[in-house]
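I have placed the structure first, in the form of structure tokens, so that the comments after it can refer back to it.
Note that the chains are named A, B, C and D in the order they appear, and that numbering of residues resets to 1 at the start of each chain.
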Amino acid sequence: MITIICTTNRRPSNSRLVSEFYQTLLTTAGEESTIMDMADLPSDFTSTALYEKAGSNQAFNSLMEQIQNCEKFVFVVPEYNGSFPGVLKAFIDGLKYPASFKDKKCALVGISSGTQGGALALSHLTDIFNYLGMNVLALKVRMPRIEASLIEGKITDKFSLELLDMQVDQFLKF
Amino acid sequence: MITIICTTNRRPSNSRLVSEFYQTLLTTAGEESTIMDMADLPSDFTSTALYEKAGSNQAFNSLMEQIQNCEKFVFVVPEYNGSFPGVLKAFIDGLKYPASFKDKKCALVGISSGTQGGALALSHLTDIFNYLGMNVLALKVRMPRIEASLIEGKITDKFSLELLDMQVDQFLKF
Amino acid sequence: MITIICTTNRRPSNSRLVSEFYQTLLTTAGEESTIMDMADLPSDFTSTALYEKAGSNQAFNSLMEQIQNCEKFVFVVPEYNGSFPGVLKAFIDGLKYPASFKDKKCALVGISSGTQGGALALSHLTDIFNYLGMNVLALKVRMPRIEASLIEGKITDKFSLELLDMQVDQFLKF
Amino acid sequence: MITIICTTNRRPSNSRLVSEFYQTLLTTAGEESTIMDMADLPSDFTSTALYEKAGSNQAFNSLMEQIQNCEKFVFVVPEYNGSFPGVLKAFIDGLKYPASFKDKKCALVGISSGTQGGALALSHLTDIFNYLGMNVLALKVRMPRIEASLIEGKITDKFSLELLDMQVDQFLKF
């Protein structure tokens, strides 16, 4: 069972579409998965669920428990301002250590309108997840110019599709 | 005129104390400054002030205008989960490009309970600010084991004090 | 069989001593290992073994073959100028892709005289190894102020010893 | 007076061509410059010029003195294995601190055959130069797919040309 995390709270978002597309890849590979969407974070979570207030926001706790009960994650990461969305890190800042990510595994997918495909975003996230004790699959898929490739909810770029298939294959064995 | 940004919304915080201490250093050096505190972000800003909702939250807009009207910033950055606080990046994700940081200048101060002093946090932030067109002063002050050094609101560690003085001196000429 | 790589060509070096100490930890854990030392690189390898000259330096080729025939690596990394030794990257620049590191596994150990313990060095190396398709164990051991901890070839700092034992344990299962 | 550093020792190299092209941009802007080429490093410098042997290789010393006598640098950086060339870092590891880079200024240009344009390479270099006390211009030019853009020694891609012009303009005022 894999949790795919749509790491932006923007609605609608290409990240959500890519998350859903990734789920079809996992289904095809015979793997169950669920999508967790940062758009479902409580609107005031940065004030009610972090630091000394950890545990007091029930809607946040529900997401936190989903994280704690899962062992493998796929993060779909749009590039915002040269890195990943701040809300993802704020979410992480409200989670418990070590129950959330330690000794777990993840794969990273970066998307961008520009040419980077989130290279720095995925590097920053790798630093953070490694710090928290989560192993990150070496093969990270970067998809620059996502608007040209994502058509009616499907990735159409052949090179990206090959990388995604390789990533799914490797991640199931990781 | 320099804006010192306390980059966590935790209250109370060592970052706030260090921000106030930094202000005394600037005052001593004859430089005016003001403190902006991420604790003053609206509680629901991640839902009401980002992306397509940019501009619709007046309390957020007020902070945004302070940023746009300032040319030089000092960021006081606590290390959270191997990087900087997520709320800071969420705040940045709601600001306007290029009016906020492009062609401006900043200095970075990292603090941590552990031994890193925010080395990775400051590296990640440098990537982001450079991406946004803001020049970052090379001299970044890292203060590991901050609890031992910060006594009654004053940095007492001699090595840190020397670095802070050098940073202030260089930043005023930057 | 694990190859421990002493990543500096400096002689003598604390990195060599730590590499030998790491070997005793692996032996105690019942794992065979060998040490490869960047001090054994041919003196002119940057001119005779890289790019279009790949393959023409026999001494370099011998090291390259050792890399290609091994599946798991431990890199002992001293912090030089805020990152890892340049000779290590020059060595990597002469290796073959994908036979050297793709689909392989490694663990990283950082040492420094200063307080960072190679935090940025290990982050940069992680970026590179992930790019090359090698999975990096999340648990990276950083040992700042190595001169105080490394006595007669043994790490004496209790916290570092615990981390090293955890890393060995996790890496054997990785 | 600006020193443009071609950061690979490969011959011939696109980096060399881009360095020469950059020089024409500086000349047009009325600025004197010289090119330093890592291809001119002594063939055995990693064995004869680093660490305790610093100072004993006259050809290396000559390059070192050029660095020490210059205040502003442009680094032309090809992406090798997800970062910058190892020989550049080995060169840096042989230079003197603080006489080489402290309180100096640089601009970075990344080139790659692939789509990254050296995003991570430039981030790693920024970490290193900031550590050494050198201020790095925020505007870093990345040129992915360089083979398509670099024709008869000239950058022909319009977007890259605009960025290069902006960088030159900003760097002369930096």
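Definition applied: a residue touches a chain if its C-beta (ideal position, glycine included) is under 8 Å from a C-beta of that chain, and two chains touch if they have at least 3 such contacts.
This is a predicted model, so every value here is computed, not measured.
Asks: Quick check for the class: compute each chain's Cα centroid; which one is farthest from the centroid of subunit D?
Replies: A
Asks: Quick check: more C-beta contact pairs at C-D or at B-C?
Replies: C-D
Asks: How many angstrom lie between the centres of subunit C and subunit D, each centre taken as the mean Cα position?
Replies: Chain centroid spacing, subunit C to subunit D, equals 27 Å.
Asks: Determine the centre-to-centre distance between subunit A and subunit C, using the mean Cα coordinates as centres, and give it in whole Å.
Replies: Their C-alpha centroids are separated by 30 Å.
Asks: Any idea how many Å lie between the Cα centroids of subunit B and subunit C?
Replies: Each chain's C-alpha centroid was found; their separation is 35 Å.
Asks: At least two other chains touched by the same residue of subunit D: list those residues.
Replies: 120, 123, 127, 130, 132
Asks: Quick one: in the complex, what on subunit B touches subunit C?
Replies: So the residues of subunit B touching subunit C come out as 115-117, 119-120, 123, 142, 144.
Asks: Contact residues on subunit A for subunit C in the complex?
Replies: Of all residues in subunit A, those touching subunit C are 103, 123, 126-127, 129-130, 132-140, 170, 174.
Asks: Mind pulling up the subunit A residues that touch subunit B in the complex?
Replies: Interface residues on subunit A, with respect to subunit B: 9-10, 41, 43-48, 50-52, 80-93, 97, 120, 124, 127-128, 130-132.
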